[in-house]
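Chain naming follows the written order as A, B and C, and within any one chain the residues start at number 1.
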Amino acid sequence: MPALLYVQTSGIDTPERLYSPFILAQTAKAMGIDAIIYFLGMGITVVKKGNAEKIKMGQFPGLKEVMDQAVKAGVKLMVCEQSCQLISLAKGDFVPEAEIVGAATLNDLVLEADGTMWF
Amino acid sequence: MPALLYVQTSGIDTPERLYSPFILAQTAKAMGIDAIIYFLGMGITVVKKGNAEKIKMGQFPGLKEVMDQAVKAGVKLMVCEQSCQLISLAKGDFVPEAEIVGAATLNDLVLEADGTMWF
Amino acid sequence: MPALLYVQTSGIDTPERLYSPFILAQTAKAMGIDAIIYFLGMGITVVKKGNAEKIKMGQFPGLKEVMDQAVKAGVKLMVCEQSCQLISLAKGDFVPEAEIVGAATLNDLVLEADGTMWF
(Lines give C-alpha, C1' and ligand atoms only; values in the text may rest on other atoms or scores of the structure.)
Protein backbone atom coordinates (compact mmCIF):
# COMPACT_ATOMS: atom_id res chain seq x y z
CA MET A 1 0.00 0.00 0.00
CA PRO A 2 1.40 3.44 -0.86
CA ALA A 3 1.85 5.78 2.11
CA LEU A 4 1.50 9.53 2.40
CA LEU A 5 2.90 11.63 5.24
CA TYR A 6 1.24 14.94 6.11
CA VAL A 7 3.23 17.34 8.31
CA GLN A 8 1.48 20.16 10.16
CA THR A 9 4.00 22.87 11.10
CA SER A 10 1.43 25.65 11.61
CA GLY A 11 -0.56 26.24 14.78
CA ILE A 12 -4.04 27.28 15.80
CA ASP A 13 -3.34 30.95 15.01
CA THR A 14 -3.68 30.00 11.31
CA PRO A 15 -6.99 28.04 11.25
CA GLU A 16 -7.12 28.13 7.42
CA ARG A 17 -4.04 25.85 7.34
CA LEU A 18 -5.47 23.18 9.64
CA TYR A 19 -8.24 21.46 7.67
CA SER A 20 -6.18 20.33 4.67
CA PRO A 21 -4.10 17.54 6.25
CA PHE A 22 -7.14 15.93 7.90
CA ILE A 23 -9.26 16.12 4.74
CA LEU A 24 -6.44 14.92 2.47
CA ALA A 25 -5.43 12.11 4.84
CA GLN A 26 -9.02 10.89 5.17
CA THR A 27 -9.34 11.03 1.37
CA ALA A 28 -6.09 9.08 1.10
CA LYS A 29 -7.44 6.27 3.30
CA ALA A 30 -10.56 6.11 1.11
CA MET A 31 -8.20 5.76 -1.90
CA GLY A 32 -6.37 2.82 -0.30
CA ILE A 33 -3.38 4.93 0.71
CA ASP A 34 -1.87 4.77 4.20
CA ALA A 35 -1.81 8.16 5.95
CA ILE A 36 0.02 9.67 8.92
CA ILE A 37 -0.27 13.27 10.13
CA TYR A 38 2.84 14.44 11.98
CA PHE A 39 2.59 17.55 14.18
CA LEU A 40 5.73 19.64 14.51
CA GLY A 41 6.61 23.04 16.01
CA MET A 42 3.52 25.15 16.60
CA GLY A 43 1.59 22.46 14.76
CA ILE A 44 1.43 20.46 17.98
CA THR A 45 -1.09 22.98 19.35
CA VAL A 46 -3.65 21.52 16.92
CA VAL A 47 -3.72 18.24 18.85
CA LYS A 48 -3.55 19.87 22.27
CA LYS A 49 -6.68 18.83 24.17
CA GLY A 50 -9.54 21.26 23.71
CA ASN A 51 -8.06 23.31 20.86
CA ALA A 52 -9.67 21.68 17.80
CA GLU A 53 -13.05 22.25 19.45
CA LYS A 54 -12.53 26.01 19.14
CA ILE A 55 -11.89 26.01 15.38
CA LYS A 56 -14.54 26.21 12.70
CA MET A 57 -14.31 27.85 9.28
CA GLY A 58 -17.16 28.95 7.02
CA GLN A 59 -19.56 26.17 6.00
CA PHE A 60 -17.12 23.48 7.15
CA PRO A 61 -17.76 21.29 10.19
CA GLY A 62 -15.69 22.08 13.28
CA LEU A 63 -12.06 20.94 13.19
CA LYS A 64 -12.61 18.45 16.02
CA GLU A 65 -15.25 16.64 13.96
CA VAL A 66 -12.93 16.56 10.93
CA MET A 67 -10.09 15.24 13.12
CA ASP A 68 -12.31 12.54 14.63
CA GLN A 69 -13.44 11.43 11.16
CA ALA A 70 -9.83 11.16 10.02
CA VAL A 71 -8.89 9.07 13.08
CA LYS A 72 -11.94 6.85 12.55
CA ALA A 73 -10.84 6.33 8.92
CA GLY A 74 -7.51 5.01 10.22
CA VAL A 75 -5.29 8.09 9.95
CA LYS A 76 -2.47 8.02 12.54
CA LEU A 77 -1.52 11.16 14.51
CA MET A 78 2.07 11.69 15.72
CA VAL A 79 3.55 14.51 17.80
CA CYS A 80 7.21 15.60 17.80
CA GLU A 81 8.73 15.21 21.26
CA GLN A 82 11.29 18.00 20.79
CA SER A 83 8.50 20.39 19.80
CA CYS A 84 6.75 19.59 23.08
CA GLN A 85 9.90 20.73 24.89
CA LEU A 86 10.21 23.82 22.66
CA ILE A 87 6.67 24.96 23.40
CA SER A 88 6.53 23.54 26.96
CA LEU A 89 3.68 21.08 26.52
CA ALA A 90 3.58 17.72 28.33
CA LYS A 91 2.46 14.27 27.15
CA GLY A 92 -0.85 14.51 28.98
CA ASP A 93 -1.73 17.74 27.18
CA PHE A 94 -2.62 16.00 23.90
CA VAL A 95 -5.64 14.16 22.55
CA PRO A 96 -5.30 10.44 23.35
CA GLU A 97 -5.02 9.48 19.66
CA ALA A 98 -1.77 11.42 19.28
CA GLU A 99 1.42 9.40 19.78
CA ILE A 100 4.54 11.26 20.98
CA VAL A 101 7.66 10.30 18.97
CA GLY A 102 11.31 11.45 18.83
CA ALA A 103 13.05 13.62 16.20
CA ALA A 104 14.68 10.70 14.43
CA THR A 105 11.20 9.36 13.65
CA LEU A 106 10.41 12.17 11.19
CA ASN A 107 13.60 11.54 9.20
CA ASP A 108 12.63 7.87 8.93
CA LEU A 109 9.00 8.60 8.07
CA VAL A 110 10.02 11.01 5.28
CA LEU A 111 12.45 8.48 3.82
CA GLU A 112 9.84 5.68 3.97
CA ALA A 113 6.84 7.67 2.65
CA ASP A 114 5.85 7.63 -1.01
CA GLY A 115 5.07 11.33 -0.72
CA THR A 116 5.01 14.11 1.87
CA MET A 117 2.88 17.23 2.28
CA TRP A 118 3.74 20.28 4.38
CA PHE A 119 1.27 22.69 5.92
CA MET B 1 10.29 13.57 -18.40
CA PRO B 2 10.72 14.15 -14.64
CA ALA B 3 7.93 16.14 -13.01
CA LEU B 4 8.00 18.61 -10.13
CA LEU B 5 4.96 19.71 -8.16
CA TYR B 6 4.96 23.11 -6.45
CA VAL B 7 2.30 23.72 -3.80
CA GLN B 8 1.42 27.25 -2.74
CA THR B 9 -0.28 27.21 0.68
CA SER B 10 0.38 30.89 1.52
CA GLY B 11 -1.75 33.80 0.36
CA ILE B 12 -1.29 37.37 -0.80
CA ASP B 13 -0.66 38.61 2.74
CA THR B 14 2.83 37.06 2.43
CA PRO B 15 4.07 38.43 -0.92
CA GLU B 16 7.65 37.26 -0.26
CA ARG B 17 6.43 33.63 -0.47
CA LEU B 18 4.71 34.01 -3.86
CA TYR B 19 7.52 34.46 -6.41
CA SER B 20 9.43 31.24 -5.72
CA PRO B 21 7.02 28.65 -7.19
CA PHE B 22 6.58 30.61 -10.44
CA ILE B 23 10.33 31.21 -10.86
CA LEU B 24 11.27 27.64 -9.94
CA ALA B 25 8.55 26.12 -12.15
CA GLN B 26 9.57 28.24 -15.12
CA THR B 27 13.20 27.26 -14.52
CA ALA B 28 12.09 23.61 -14.35
CA LYS B 29 10.42 23.82 -17.77
CA ALA B 30 13.65 25.31 -19.20
CA MET B 31 15.48 22.31 -17.68
CA GLY B 32 13.16 19.83 -19.41
CA ILE B 33 11.19 19.11 -16.25
CA ASP B 34 7.38 19.10 -16.19
CA ALA B 35 5.93 21.56 -13.68
CA ILE B 36 2.57 22.05 -11.97
CA ILE B 37 1.74 24.71 -9.36
CA TYR B 38 -1.09 23.67 -7.06
CA PHE B 39 -2.86 26.35 -5.01
CA LEU B 40 -4.28 25.28 -1.65
CA GLY B 41 -5.81 27.04 1.36
CA MET B 42 -5.05 30.77 1.34
CA GLY B 43 -2.75 30.06 -1.60
CA ILE B 44 -5.77 30.17 -3.90
CA THR B 45 -5.94 33.96 -3.40
CA VAL B 46 -2.78 34.21 -5.54
CA VAL B 47 -4.69 33.10 -8.64
CA LYS B 48 -7.84 35.06 -7.81
CA LYS B 49 -8.43 37.49 -10.68
CA GLY B 50 -6.79 40.86 -10.13
CA ASN B 51 -4.62 39.90 -7.12
CA ALA B 52 -1.27 39.15 -8.78
CA GLU B 53 -1.45 42.58 -10.42
CA LYS B 54 -1.18 44.18 -6.97
CA ILE B 55 2.03 42.41 -5.96
CA LYS B 56 5.54 43.60 -6.74
CA MET B 57 8.68 43.16 -4.65
CA GLY B 58 11.93 45.14 -4.86
CA GLN B 59 13.64 45.05 -8.27
CA PHE B 60 11.50 42.09 -9.39
CA PRO B 61 8.83 42.39 -12.09
CA GLY B 62 5.23 42.34 -10.88
CA LEU B 63 3.86 38.93 -9.85
CA LYS B 64 1.33 38.94 -12.71
CA GLU B 65 4.15 39.19 -15.24
CA VAL B 66 6.05 36.34 -13.55
CA MET B 67 2.87 34.23 -13.50
CA ASP B 68 2.20 34.92 -17.19
CA GLN B 69 5.76 33.95 -18.11
CA ALA B 70 5.43 30.68 -16.20
CA VAL B 71 2.13 29.86 -17.94
CA LYS B 72 3.68 30.73 -21.33
CA ALA B 73 6.56 28.35 -20.52
CA GLY B 74 4.02 25.55 -20.05
CA VAL B 75 3.58 25.52 -16.29
CA LYS B 76 0.10 24.26 -15.31
CA LEU B 77 -1.91 25.97 -12.53
CA MET B 78 -4.38 23.99 -10.40
CA VAL B 79 -6.72 25.16 -7.65
CA CYS B 80 -8.07 23.03 -4.78
CA GLU B 81 -11.88 22.87 -4.91
CA GLN B 82 -12.28 22.34 -1.15
CA SER B 83 -10.17 25.44 -0.49
CA CYS B 84 -12.56 27.44 -2.67
CA GLN B 85 -15.37 26.33 -0.36
CA LEU B 86 -13.29 27.07 2.75
CA ILE B 87 -12.54 30.65 1.66
CA SER B 88 -15.84 31.17 -0.21
CA LEU B 89 -14.48 31.77 -3.71
CA ALA B 90 -16.29 30.59 -6.85
CA LYS B 91 -14.95 29.08 -10.08
CA GLY B 92 -15.36 32.36 -11.99
CA ASP B 93 -13.17 34.20 -9.47
CA PHE B 94 -9.91 32.77 -10.79
CA VAL B 95 -7.58 33.53 -13.69
CA PRO B 96 -8.65 31.46 -16.71
CA GLU B 97 -5.41 29.44 -16.72
CA ALA B 98 -6.20 27.96 -13.30
CA GLU B 99 -7.99 24.60 -13.36
CA ILE B 100 -10.21 23.70 -10.36
CA VAL B 101 -9.61 20.14 -9.13
CA GLY B 102 -10.82 17.98 -6.22
CA ALA B 103 -8.98 16.98 -3.03
CA ALA B 104 -8.12 13.50 -4.27
CA THR B 105 -6.12 15.11 -7.07
CA LEU B 106 -3.42 16.41 -4.75
CA ASN B 107 -2.84 12.98 -3.21
CA ASP B 108 -2.40 11.56 -6.71
CA LEU B 109 -0.17 14.42 -7.89
CA VAL B 110 2.14 14.02 -4.88
CA LEU B 111 2.42 10.27 -5.41
CA GLU B 112 3.14 10.71 -9.13
CA ALA B 113 5.61 13.63 -8.87
CA ASP B 114 9.38 13.09 -8.79
CA GLY B 115 9.59 15.85 -6.20
CA THR B 116 7.37 18.34 -4.39
CA MET B 117 7.99 21.84 -3.02
CA TRP B 118 5.87 23.62 -0.40
CA PHE B 119 5.55 27.38 0.01
CA MET C 1 24.02 7.06 1.57
CA PRO C 2 20.41 8.36 1.60
CA ALA C 3 20.06 12.15 1.47
CA LEU C 4 17.52 14.47 3.05
CA LEU C 5 16.93 18.05 1.98
CA TYR C 6 15.54 20.54 4.49
CA VAL C 7 14.15 23.81 3.11
CA GLN C 8 13.69 26.83 5.38
CA THR C 9 11.19 29.26 3.82
CA SER C 10 10.35 31.11 7.06
CA GLY C 11 12.38 33.95 8.54
CA ILE C 12 13.49 35.21 11.94
CA ASP C 13 10.04 36.65 12.68
CA THR C 14 8.90 33.04 13.32
CA PRO C 15 11.59 31.73 15.72
CA GLU C 16 9.54 28.61 16.54
CA ARG C 17 10.03 27.41 12.93
CA LEU C 18 13.82 27.74 12.92
CA TYR C 19 15.12 25.00 15.22
CA SER C 20 13.57 21.99 13.47
CA PRO C 21 15.72 21.85 10.30
CA PHE C 22 18.98 22.15 12.25
CA ILE C 23 17.96 19.53 14.83
CA LEU C 24 16.57 17.13 12.22
CA ALA C 25 19.57 17.56 9.90
CA GLN C 26 22.02 16.96 12.72
CA THR C 27 20.03 13.89 13.74
CA ALA C 28 20.09 12.75 10.10
CA LYS C 29 23.91 12.91 9.99
CA ALA C 30 24.05 10.84 13.19
CA MET C 31 21.81 8.29 11.43
CA GLY C 32 24.16 8.06 8.44
CA ILE C 33 21.96 10.24 6.24
CA ASP C 34 23.37 13.11 4.17
CA ALA C 35 21.73 16.45 5.00
CA ILE C 36 21.48 19.85 3.31
CA ILE C 37 19.53 22.85 4.60
CA TYR C 38 18.45 25.20 1.82
CA PHE C 39 17.37 28.75 2.75
CA LEU C 40 14.78 30.36 0.51
CA GLY C 41 12.69 33.56 0.60
CA MET C 42 12.61 35.07 4.09
CA GLY C 43 14.39 31.92 5.26
CA ILE C 44 17.68 33.46 4.15
CA THR C 45 17.47 35.87 7.10
CA VAL C 46 18.25 32.91 9.38
CA VAL C 47 21.80 32.65 7.98
CA LYS C 48 22.34 36.41 7.77
CA LYS C 49 25.34 37.22 9.96
CA GLY C 50 24.35 38.07 13.52
CA ASN C 51 20.73 36.93 13.37
CA ALA C 52 20.94 33.41 14.83
CA GLU C 53 22.69 34.90 17.85
CA LYS C 54 19.50 36.80 18.72
CA ILE C 55 17.24 33.73 18.80
CA LYS C 56 16.67 31.50 21.79
CA MET C 57 13.53 29.60 22.75
CA GLY C 58 12.57 28.20 26.14
CA GLN C 59 15.04 25.68 27.56
CA PHE C 60 16.75 25.24 24.18
CA PRO C 61 20.27 26.49 23.48
CA GLY C 62 20.52 29.60 21.30
CA LEU C 63 19.93 29.07 17.58
CA LYS C 64 23.54 29.98 16.73
CA GLU C 65 24.80 27.13 18.89
CA VAL C 66 22.36 24.69 17.27
CA MET C 67 23.43 25.92 13.80
CA ASP C 68 27.13 25.53 14.65
CA GLN C 69 26.55 21.98 15.92
CA ALA C 70 24.75 21.07 12.69
CA VAL C 71 27.59 22.47 10.56
CA LYS C 72 30.14 20.64 12.70
CA ALA C 73 28.17 17.41 12.14
CA GLY C 74 28.57 17.90 8.38
CA VAL C 75 25.26 19.53 7.47
CA LYS C 76 25.62 21.78 4.40
CA LEU C 77 23.93 25.22 4.26
CA MET C 78 22.82 26.70 0.92
CA VAL C 79 21.23 30.07 0.16
CA CYS C 80 19.01 30.88 -2.83
CA GLU C 81 20.58 33.62 -4.98
CA GLN C 82 17.23 34.92 -6.28
CA SER C 83 15.98 35.29 -2.71
CA CYS C 84 19.01 37.47 -1.96
CA GLN C 85 17.91 39.77 -4.78
CA LEU C 86 14.29 39.68 -3.61
CA ILE C 87 15.18 40.75 -0.08
CA SER C 88 18.21 42.87 -1.06
CA LEU C 89 20.92 40.98 0.78
CA ALA C 90 24.47 40.59 -0.61
CA LYS C 91 26.85 37.62 -0.58
CA GLY C 92 28.92 39.10 2.23
CA ASP C 93 25.88 39.36 4.49
CA PHE C 94 25.76 35.64 5.28
CA VAL C 95 27.57 33.32 7.67
CA PRO C 96 30.67 31.93 5.92
CA GLU C 97 29.33 28.33 5.97
CA ALA C 98 26.39 29.29 3.72
CA GLU C 99 26.96 28.73 0.00
CA ILE C 100 25.00 30.94 -2.44
CA VAL C 101 23.44 28.93 -5.29
CA GLY C 102 21.10 29.63 -8.22
CA ALA C 103 17.41 28.78 -8.61
CA ALA C 104 18.04 25.76 -10.82
CA THR C 105 19.95 24.17 -7.93
CA LEU C 106 16.84 23.68 -5.81
CA ASN C 107 15.01 21.85 -8.61
CA ASP C 108 18.00 19.52 -8.95
CA LEU C 109 18.37 19.03 -5.18
CA VAL C 110 14.69 18.12 -4.80
CA LEU C 111 14.87 15.62 -7.67
CA GLU C 112 18.05 14.03 -6.26
CA ALA C 113 17.01 13.91 -2.58
CA ASP C 114 15.47 10.80 -1.02
CA GLY C 115 13.14 13.08 0.92
CA THR C 116 12.46 16.78 1.48
CA MET C 117 11.14 18.76 4.46
CA TRP C 118 9.66 22.24 4.34
CA PHE C 119 9.59 24.73 7.20
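A few notes on this one:
In the analysis below, a contact is a pair of C-beta atoms (placed from the backbone, for glycine too) under 8 Å apart; a residue touches a chain by one contact, two chains touch by 3 or more.
Everything numeric here is computed off the predicted structure, so don't read it as measured data.
With angles rounded to a multiple of 5, the C-alpha fit of chain A against chain B returns 120 degrees of rotation.
Where the sister copies chain B and chain C meet, the same residue numbers recur on both sides for under half of the interface positions. Measuring from the averaged C-alpha position of chain B to that of chain C gives a distance of 24 Å.
In chain A, the residues touching two or more other chains are 116, 118. Within the complex formed with chain B, the chain A residues making contact are 2, 4, 16-17, 19-20, 23-24, 27-28, 31, 33, 57-60, 114-119. Looking at the complex, you find that chain A touches chain C at residues 7, 9, 40-42, 80, 82-83, 85-88, 103-104, 106-107, 110-111, 113, 116, 118.
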